[in-house]
Amino acid sequence: MRIGVLTSGGDCPGLNAVIRSVVHRGTDVHGDEILGIEDGFLGLIEGRARPITHEDVTGLLTLGGTVLGSARVQREKIRWAVENSRELAANLGIDALIAIGGEGTLTAAKLFSDAGLPVVAVPKTIDNDIDATDVTFGFDTAVHVATEAIDRLKTTAESHQRVMVVELMGRHTGWITLTAGMAGGAHGILIPEKPFDIEAVARMIEERFRRGKKFAIIAVAEGAQPLPGTLRFEHGQVDQFGHQTFGGIGTRLAIELENLLGKEARPVILGHTQRGGTPTALDRVLATRFGWHAVEAVHKGAYGHFTALRGTEIHLTPIADAVVQLKTVPQDRWTESEAVL
Amino acid sequence: MRIGVLTSGGDCPGLNAVIRSVVHRGTDVHGDEILGIEDGFLGLIEGRARPITHEDVTGLLTLGGTVLGSARVQREKIRWAVENSRELAANLGIDALIAIGGEGTLTAAKLFSDAGLPVVAVPKTIDNDIDATDVTFGFDTAVHVATEAIDRLKTTAESHQRVMVVELMGRHTGWITLTAGMAGGAHGILIPEKPFDIEAVARMIEERFRRGKKFAIIAVAEGAQPLPGTLRFEHGQVDQFGHQTFGGIGTRLAIELENLLGKEARPVILGHTQRGGTPTALDRVLATRFGWHAVEAVHKGAYGHFTALRGTEIHLTPIADAVVQLKTVPQDRWTESEAVL
Amino acid sequence: MRIGVLTSGGDCPGLNAVIRSVVHRGTDVHGDEILGIEDGFLGLIEGRARPITHEDVTGLLTLGGTVLGSARVQREKIRWAVENSRELAANLGIDALIAIGGEGTLTAAKLFSDAGLPVVAVPKTIDNDIDATDVTFGFDTAVHVATEAIDRLKTTAESHQRVMVVELMGRHTGWITLTAGMAGGAHGILIPEKPFDIEAVARMIEERFRRGKKFAIIAVAEGAQPLPGTLRFEHGQVDQFGHQTFGGIGTRLAIELENLLGKEARPVILGHTQRGGTPTALDRVLATRFGWHAVEAVHKGAYGHFTALRGTEIHLTPIADAVVQLKTVPQDRWTESEAVL
Amino acid sequence: MRIGVLTSGGDCPGLNAVIRSVVHRGTDVHGDEILGIEDGFLGLIEGRARPITHEDVTGLLTLGGTVLGSARVQREKIRWAVENSRELAANLGIDALIAIGGEGTLTAAKLFSDAGLPVVAVPKTIDNDIDATDVTFGFDTAVHVATEAIDRLKTTAESHQRVMVVELMGRHTGWITLTAGMAGGAHGILIPEKPFDIEAVARMIEERFRRGKKFAIIAVAEGAQPLPGTLRFEHGQVDQFGHQTFGGIGTRLAIELENLLGKEARPVILGHTQRGGTPTALDRVLATRFGWHAVEAVHKGAYGHFTALRGTEIHLTPIADAVVQLKTVPQDRWTESEAVL
């Protein structure tokens, strides 16, 4: 068969490992021809693609980013492409499509599938917010990077009764912050699912200092929100990219805590270091397995499904199950994290 | 309640994180007193234990090894202790016991539990060979260390058509080797579950060189076995500790491949680096959750159970389910790994 | 002899390794008694100290921070202590003092030495700004952490023509930024020694995008300054700790570059992750050698000197040579870094 | 100018970083054309080379190995090439040659230079055994890898009074073992420069156990030698590649110590993991600076010289100074290492 593969959405450690695995399984075992579609759905629309051979994927297992590129596509263009999906597939000469991406990509994949394009999806997000799979690749790498940072902060903050605020990724869900916070032993964990009371955070830190501790580390997700009316710091301007002109929640929180506590508080903003670089071993294996099962799904004709990890096994699951709702941190996982506070 | 905690068997990254979590959850939330029993079941027998407070577990999250120590105990001594378990518990004044260990420990824990001692077990093994749990802490750290080594070998082996043989842990099961081999992209994976034909391995490497590749990496579990009669190298002597006097399978395989291929083959023996050092973020979180749920199990009276990960949740599972058989690599996981060969 | 040892100033990976080395060399070889003075010169003034034995320094080689603590002391108090240095030394019963610290500590050490207290100094700063020594411990660790971050950014920034701004430590000197910028292959390096023209930076990035590159990474020292009048962004308020209420230069630069380029620019603020955690191998060896030579210096009576690395050897050097001026990045090192722009 | 560049000898982290730096400096600043000669002097002899542009070296800063390849060349062939060096240079059309390699390469470079070929050399060896330069790139990376392994062993060896023997690279010199041994806090350091008495090593370990310590780590260079007559273990056979058929010194030492001590001793053989993978930040900067200065040397006409680090500066030094003798560990560095024993 001739199988197209594309990556869509923000990048994520492990994307290249999926591509490599699709090529290995498809070409070596099934004799498929794999066509790499450039820049996500844009390449599908514009007919930009190149064959990828076993040789081409050498070294991709450990490489961050995506060699196929990725691009944002307007909704209307996607709608047009869905209507013309058979022609687009015919133009490229592909029998099936493997689409690797996040929630938006899965939603689009479902539209294409419903319109008759044979699509299998592979879920991807460092945020771990896709439902119906235990976890996605990229998440463990993000947690690994965040945990290393918290580890390093722990030995330095002690000097002068100092508070460290580590801002981590997660606009809508707190998985990275919860997990890295637990792994690093942060003293406060603030996530979008649980609006926080800045004064309660300050009291907790003061209580900690009263017990003789010399520092406190607060892990905060970029999307964490103060309870209405509790963060007194005035909002700055927002620029054309939607960024606060005085920095994000990490910076704001550090300044606010300095004022409340009368102690130095310093922000650490890890930003995109969390979504770049070599994937962890776990993420490489998960990505490789997803690629393997995506090819098998194509050969089984399991279109409209995506590869989901449940327990130790990969299940082919209807894409619809993944896109109903965002997977947020449930109450019982939140309760468990209190062990570290 | 007064809860005893002990660690038993070989050490494993994450043991200290369990202890810390038990203390945090027990003392901070339930008002328990936690008694650290020294040197595993030996300390139980000899009545050696000390209280552990919240303060005592500072820094344990990231520390390898076990601060409680561990020791081997003869079977007969265990049998005696089982018969006298109530007295031993009374001597220490404990209401319940949390036993952290591998298969042997779980088996002992079941005996104690059957004899009336209130025991909850926490599974531990870097080998991932305990049944009824998706994974155990320590395994991800071992895989991480092994994968980093394979990564480093990949850029150096190219110079002179060289073969690298990486010997990894796993006497009875191939989980570490399979997983690190997939994560590192090893070209051959040899595990105890699948006896290997040395000449087939050599042919595969020769085929690889014929395709213009300049090196090959073979990941071999220490317990991997050649098919009867296929490894021509003569066995050396065995010393009092059961070690081959000429080194293990890694060294033997490298020598044999040199002879078969006429190319340089060098062994790398990672040995105990795989079971030491700071746990990965994933292992710390799993260990912390296991400790948390073990304390909850005690307070629920779920004795005779152990903490098992299934999917994303911790289930309290009868210890009996864990000790029926070793969890070996199943055929379908083995088939998936062929993607990297 | 009875030798006091203290650590002073901000913490730095390797401090504990010096303490360990002083104890090993002093007690094991010379039969000295080592007295650990708490909280830097404050402990000297207040007579707070405890003996440290070989046993006490187990594990210190790899531990960040300082087990002796550190505290800021007002200049007047130091002056008073200098005048009363003999009494203070007599109170503690020490024959000599080893003072480990940065420029301020070395200056104080010189005052004490001139006043007759037998002092040997060990230089410490992650900033590498102490003159008369090739390098100080802590610097390589800071560069290592910063370089890892830049490495990770390189594979993620490619997706959408994005600019990454990495703010690194260095208020007065650009050593960390220059070195990590070269090691990570940053496309722009901004340091305090070379005031920058924001529009020239923007043009350089535009030129890079014109050549088809998809991202740019700018490494900026926290103390880097725009040429007067070139950074149009208005200054925000400054809080009681001297921190900009909208974040530091990294945040400002990202916002300004977004405006100039019309492309997304995101800041990464590594902050104190650069001065915490386990020291690199190089820093551990340097710290160990410094401690070794400090003890030898005491036994040679080389008071008023500090341990300086020149080439591969440690030279005992008059403290005066270290404190005349800050060691800044010279023109020829700056020129070399252009290779990476 | 048209400058040829070649890499010769065993590979070493940082080789690619030198190539990248030569191309950046040569093409961007001087307008040179850089010709990459394949497989070391073999490519020079056989006229195999390709132009390398700025674009071609993207990503080389962090990549281990060498993109130019390397090959062993017989002495006679080198002699022939030296005699015909002008013709060989004319064939490739190069005005000058930058040769990157170890002692053998430097010796060859000197022969070519004496014969009239304009050559500048860049020293390379993970062993740090080249004289007249403080250090070479690759060494810090090797030490980093070895130190990480020792760190991990430290927390695992404690369980059962166990001895760990870590075999490190260094056939003729003990720099890696001495430095990583100090950095990791090994309890015994055995190097080629100091033949060891196995019974003295055993006594030292016994003494350590008597003091209540639960483990010991011995770092041994692959070229370390027992004092004549002191290692009782019989030599095995040597295969066609010169490898002991029962493994190297690490395996032998572990077995011998088991017999002498009656305690378990396990070998760890890091092998080629020490010379592969991403270079440390320090090695990348050193490699980059060497490449920069090599290009400058060509433009200054400083032929017959090599780039040497002395203190913080790169000096162009006659190649003759590098090849007179191997740089071994001097007595005073050995004495310093006793701090950790």
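As written, the chains take the letters A, B, C and D, and residue 1 is the first residue of each chain.
Simple rule for what comes next: contacts are C-beta pairs under 8 Å (C-beta built on N, C-alpha and C of every residue); 3 or more make two chains touch, one makes a residue touch a chain.
Treat the numbers as computed from the prediction; the structure is a model and nothing was measured.
Enquirer: Tell me, please, which chain's centre (mean of its C-alpha atoms) is farthest from the centre of chain D?
Expert: A
Enquirer: Report the inter-centroid distance (CA atoms only) between chain A and chain C in whole Å.
Expert: 35
Enquirer: In whole angstrom, how far does the Cα centroid of chain A sit from the Cα centroid of chain B?
Expert: 29
Enquirer: Let me have the rounded angstrom distance from the C-alpha centre of chain B over to the C-alpha centre of chain C, please.
Expert: That pair's centroid distance is 40 Å.
Enquirer: Give me the residue numbers in chain D that touch at least two other chains, ranges are fine.
Expert: As it turns out, chain D has residues touching two or more other chains at 151.
Enquirer: What topology does the chain contact graph adopt: line, ring, star, complete, or other?
Expert: Graph shape here is a ring: one loop, exactly two partners per chain.
Enquirer: Mind pulling up the chain C residues that touch chain A in the complex?
Expert: Where chain C meets chain A, its residues are 10-11, 13, 63-66, 69-72, 145, 149, 151-160, 162, 164, 236, 239-241, 243, 245-247, 250-251, 254-255, 258-259, 262, 264, 266-277.
Enquirer: Enumerate the contact residues on chain C facing chain D in the complex.
Expert: 21, 24-25, 29, 61-62, 134-135, 140, 143-144, 146-147, 151, 179-180, 182-185, 278, 280-282, 284-285, 288-289, 291-292, 310-312, 336, 338-340
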